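In what follows, structures are represented as structure tokens.
In the two assemblies presented below, chain A is common to both, partnered first by chain B and then by chain C.
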Partner chain A sequence: MIGTLAHGAILVSLAVVAFGMFFIPFAIKRDRRDWVALAYSAVYTNFLLITVATVAMVWALVTHDFSLSYVAQVGSKATPLFYTIISLWGALEGSILFWAWVLAMYAAAVVWINADRPGNLVPYAAAALLGISLFFGILLVGPADPFKPVFPVPLDGPGPNPLLQNHILMAVHPPLLYLGYVGMSVPFAFAVGAMLSGEVLTDDWIKITRRWTLSSWGLLSAAIIAGMWWSYEVLGWGGYWAWDPVENASFMPWLTATAFLHSVMVQERRGMLRLWNLNLVVGTFVLTILGTFLTRSGIISSVHAFTTGTIGYYFLAFIAVTLLVALALVAGTSGRLKDEKRFDGPASRETVFLLNNLFLTAFMFTVLLGTLFPLVAESVKGVKVSVGEPFFNRMSLPMIVALLFLMGVGPALPWKRITMPELKAKLRAPLVGAAVMLAIAIAVGTRNFYALVTFAFVGFSGASNKFEFWYGIRARQRAHGENYLTALFRLMAGNRRRYGGYVAHLGILTVALGIAASSTFRTETEATLKPGDSMTVSGHTVRLKQVWGREEVQRSVIGATLEIVKNGAVTGTIEPKMNFYPTSQQPVPTPQVKSSIAGDLYANLQAFRPDGSSATVRLIYEPMVPWIWIGGMIVVLGSVLSILPARSRA
Partner chain B sequence: MAAVNSRKLAIVAVVGIIGTFAWLLYGGLDKNVVYFWTPKELIAKGDAGFEKPVRLGGQVKPGTVKWDDKTLDLRFVVTDVDGVSDIVVHSKGAPPQMFRDAMGVVVEGRYGRDKVFQSSSLMVKHSNEYKAPKPGQSGKDMVKTLMQGNSTT
Partner chain C sequence: MTRVRSVFAALSLALTLALSLAVAMPRALVAQQAPAAPRDTLVVTPEGLRAGAPTKATDPALEARTSAVASGLRCPVCQGLSIQDSPSELAQQMRSLVRDQLAAGKTDEEVRAYFISKYGEWILLEPKASGFNLLVYALPVLLVVGGLGFIITLVRRWTVAPALGDASDASDASDRDAADGGENSTT
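Then we have the complex of A and B:
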């Protein structure tokens, strides 16, 4: 019943989407705005229909309707309601449905917000979004149909993948990722619209596009950080980034979108880099589809790769079509796109943006090469290889420190050119910041070259970005006699975009500081303890109290209670666990982390004797890990500040 | 004139950066590619197989797992599908809780000239098919044992 309803909704939406997509160019050709408005209702109708299908799926999951293939695959009566609902994105078909829904929502929002805008940019962009929707609609009736009938109807199901029902961040990371990832379709659609409508020759389309890119970028940043956090809290190895193909898939479009957010300013201010920006927008979108191909086609085995099937071919075909269309459009436009001005001086903000773009794209290509190399090697030479973390670390560290440095140089330099005395005055504070951080880093025992450079550059750029606020506040205080806080508030309200950018910089620097400190000073030890035995890692001692077991509705839990001992007194407990789900042979590690701003004490239960007479525990101390999560929140705050519409000056 | 010079400068800088990048990329990939071999393939490499980063994939040979929870030394033999090509693996740290005979494993590390594979990470291959755990090895059974143990102490 529900399956029939949802199938019907998806089939009708396919027809509606196809109609809208082909009718819009026709309406534009005939110059009929009323027809365009009619086609827009296709966008809204599609959103409505996909919403019906998505709600139907959630309903089927909640009511345990095992007659539907997806519910039979991920549902289970024992799974708590919360994890039942979020298992909507816990496997292939549901995640494609969720993707289609987010896309339909974005398309409706784009049309709703910009319906009154004159010109053909928005209609063409809507047609492009409908084109992408068509692809996902085809997936939903073809290789990723979540509503296939199952016969005979099973009485119960296996439940979601144990790894995906073990932590609350599973409710946070995937939706954020979809919002950010799918959101990159919108800038792409605007780029296509700009090229088709000829608006690409003015720089107006870039203003709308920048907004949408910024919101998706903020969401994607939050998603990447949440994914790192999930990996840290769930996987039990005490790390948060491993250059796993799945992580890379989310990181590559982030890099090109970051590049775009910077180079777009050069276009707005100076009328330069027009063709380059177009390519960045197209590239970012193609990278999101490539990432989905990598993670959803089963070509790479990981927690994200759900099943093998024919869906990979659909994605490859879609990537090929997208690239062909986009490249044809860009090639057709490139002859008409001329930059208005040339670069004036080597020491200017434009130059820094150019270098920033160079490093960010080089970084993206490095990650892309490392990610795709194993696939290419296997299909061409028939050898199975993997590209290890050393490759990524060795290649990315020089680019990361260069970017950290540029992050401090850019805000300090004006547009066009700078004089030597100005430059000296502007660089004084950052250089002091660098020296202070370097001194601290050496004092606490940092000897690694890249760690030292990272700390110094974080000091440099941190001071540079903070001083931009300080200069602005001072100027306001002199001009209006405002107090410090009023001046700060009005300064940011007056130019939210600029100061939002500096806030985002400070967030990234905080993340960099957390990563550098935690990877440099991480200490770990592993030991087998009997009750009463203790172990110590960098001054933190824990003592095993007992190994225990507990039955929960959907799983069996075995845990070790460890007392944290300081100067002979027990100051707290830390309780790493192993969760056994009935459908999985392997238990899911459930480490516990005791966080403080100085660092995390991280305990994972590695093994235990069945009689409870001993437990093998891995104990890790990682300084400043929470700074990564806090930095991520600051980045999001910065992007929110930048998106808010600028108020008229007070 | 000044504009031309700075353009030249920019071009030189860009070419320089891209060149360095390409060189680093080549060197980086060359040294850091990890081959995936089975025990048979690794043995067949002879001398060329030693002291290289390798992912070794095979099965845990039944009856060979030795785990010392005092020293945290784990030793076992990884065997190929033929059941003849064996490689001794040593690693430090506890094995996964459900580590057992005949299970599929991938170990990453280096094959030493002493014919011992020093593993730095150990991954258990998850099979999608569900197999009922042996009595006493399901989570439920272990919890039961533990709760009995605790109530008697």
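Then we have the complex of A and C:
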């Protein structure tokens, strides 16, 4: 019943979307704004219909309506309500439905905001968003139909993938990821609209999409950090990034979007890089679709690869069509775009932005190449090869340290050019920062080359970005006689975008510091303990108290209670577990982390004797891991500062 | 105008919400991990139970070599994890195999060759830098070098004023006062 309703809603939405998409160009050709307004209602109607379908799916999940294929696939009466609701994005069909819903929401918001804007930019952008919606609508009635009837109706289902119901972060990471990922469709749609309407010659489309790009970027950053946190908390190996194809898929559009956020400033300020920016926007969008194709089609195995049928071909076709249309438009536009071709000096912020764009795109290319290379090697040479963590670390570290360095140089350099005395004055603080960090790093025993360079550059850029605030505060104090706090507040309020950017830089640097410290100074040990035995890793001692087990509604849990011992006194316990789900052969590791700002004590239960007489525990000490999560939050704060609407002064 | 403000206020709200969720997370985690049932009985599920292999006390040099070799070998049942990192049972067995072979006097290369003979080149997490595989190493380097060359030419060709000339309009103060484009002019 509810399946029929939802299925009907999606079918109607397909017709509505197709109508809107083709009607908009027609209305523009006839120069009928009233028809455009009519076509806009297609955007709202689509949002309404997909909302109905999504709510219907959640309802079916909650009421355990196993007559629907998706519920039969991921539902189970034993699964707690919370994990039942979030299993909406726990498998292929549901995640496509959720994607379509987020996309419809974005399209409705774009049209609602800009409906009164004259010109053809917004109508064409709406048509582009409807075109993307059409693709997802086709998936929902074709290869990713979540509402297929199942007969005979099963009495119960297997429940969601154990990995996805083992941690609360699964409620946070996927929605953030979809909001960020799908949000990249908006700048793409505006780029297409700008090229179709000819408004690409003015830079209006960039002003309209600035906040969309920034908010999507902030959400994607938050999603990537939340994903790292999830794998740290769930996968049991004490790491947070493994260059898994799906991690790469989320990271590649982030890199090109980051490049765009910087290079777009060169376009706004200096009228350069217009064509390049169009390509970055198109590339970012295509990378979101390509990433989804790679991880959802099963062509590359990954933590997130859902089992599949023909959906890969649909994605390939969509990528081909998108690339053809977008590149044809860009090629048609390129002749008309007149870039300013003027640098005032090689030592200028615009030069740094060029280098930033080079390294970010080369980084993206490296990740893309490494992710695809196993496929290429197998089809060309017939040899199976792996491209994993050692490769990506080796190739990306030089680019990462270059970017860390540029993050300090860029803010220190003004637009256009700088004089030698100014340059010296500007570089003093960053160089001191680099020297201090380097000295600390050597003092605590860092010997690895890249770690030393990373610490030094973090010091360099950290000082550089912090001093930008200081210079601004001092200037305000001189001009207005304000106290420090007022000056800081007014400074940031006066140019949120700029200072939000510096806050984001400081966040990234904090993340880099956390990653460098935790990977350089990670120590681990593994031991099989009997109750009463203890083990030690870099000064932290734990003693096995007992191995225990209990039944929960949806799983059985085996745990080891370890007492943290300091100077002979018990200061706390740490309790790694293994969760056994009936649907999974392998137990799901459930490590426990004791966090402090200095570092994490991470315990994972590797094995145990069924009679409880011993447990094998991997104990890891990782310094400064929480800095990664805190840095992520600072990045998000920076993007919030940048997108907060300016207070109206009138 | 009000529409712009309300939508982006909503988006900022979503981000802030994510932020506060993240802040609240540790607490939620603690709550989630609170014991739900008495735990004095050991419930044993038949499948998947594993007995711990006793770990031998070994010398640190051997451990360091083991972990160096193991970091480059792929865990066959995981997603891209090395046998050094993976907590899976197979990875643990393979790791002790690496340790045993090294202890028996094999070189790192011989141990790697042993695993290649068993699983194929696929077992290496980093492809050998020879033959066709050179592409995956060379292309990014070529891109960076070519891109640097391109940028240098571009900047040189487009620079009209002499490098590091005297500052007039380029002082940072004027830069700071000018609002970055678009801050207040967004539709």
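Note that the second predicted complex is superposed on the first by the 645 of 650 C-alpha atoms of A that agree within 3 Å, B and C clash if a C-alpha of one lies under 4 Å from a C-alpha of the other, contacts with A are read in each partner's own complex, and residues count from 1 in each chain.
In the analysis below, a residue touches a chain if its C-beta (ideal position, glycine included) is under 8 Å from a C-beta of that chain, and two chains touch if they have at least 3 such contacts.
None of these values were measured; they are calculated from a predicted model.
Superposition of the two structures on chain A leads chain B and chain C into a clash. In the superposition on chain A, contact is made by A:528 with both chain B and chain C. Touch criterion met: A:158 reaches chain B, while chain C stays clear of it. Counting the residues of chain A touched by each of chain B and chain C gives the higher count for C. In the superposed pair of complexes, A:273 makes contact with neither chain B nor chain C.
Once the two complexes are overlaid on the shared chain, A:583 sits against chain B while remaining clear of chain C. Of the two partner chains placed by superposition, chain B and chain C are both touched by A:362.
Contacts of A:206 after superposition on the shared chain: chain C is touched, whereas chain B is not.
Contact with chain C, but none with chain B, is seen for A:218 once the two complexes are overlaid on the shared chain. Contact with neither chain B nor chain C is seen for A:10 once the two complexes are overlaid on the shared chain. Looking at chain A, you'll find residues 342-346, 351, 354, 358, 362, 366, 369-370, 373, 377, 383-388, 390-391, 394-395, 526-528, 547-551, 556, 558, 580, 585-587, 606-608, 610-612, 614, 616, 618 touch chain B in one structure and chain C in the other. Chain A contributes residues 158, 342-346, 351, 354, 358, 362, 366, 369-370, 373, 377, 383-388, 390-391, 394-395, 398, 526-528, 546-551, 555-558, 578-587, 606-608, 610-614, 616, 618 to its touches with chain B in the complex. The residues of chain B lying in touch with chain A in their complex are 3, 6-7, 9-10, 14, 17-18, 21, 24-25, 28-29, 31-37, 53, 55, 69-70, 72, 92-98, 124, 126-127, 130-131, 133, 136, 138-140, 142-147, 149-150.
By the touch rule above, chain C contacts chain A in their complex via residues 1, 3-5, 7-9, 11-12, 14-16, 18-19, 21-23, 25-26, 28-29, 32-33, 36-45, 47-55, 71-72, 74, 79-82, 85-89, 92, 120-127, 132-133, 135-137, 139-140, 143-144, 147-148, 151, 154-167, 169-173, 175-176, 179-187.
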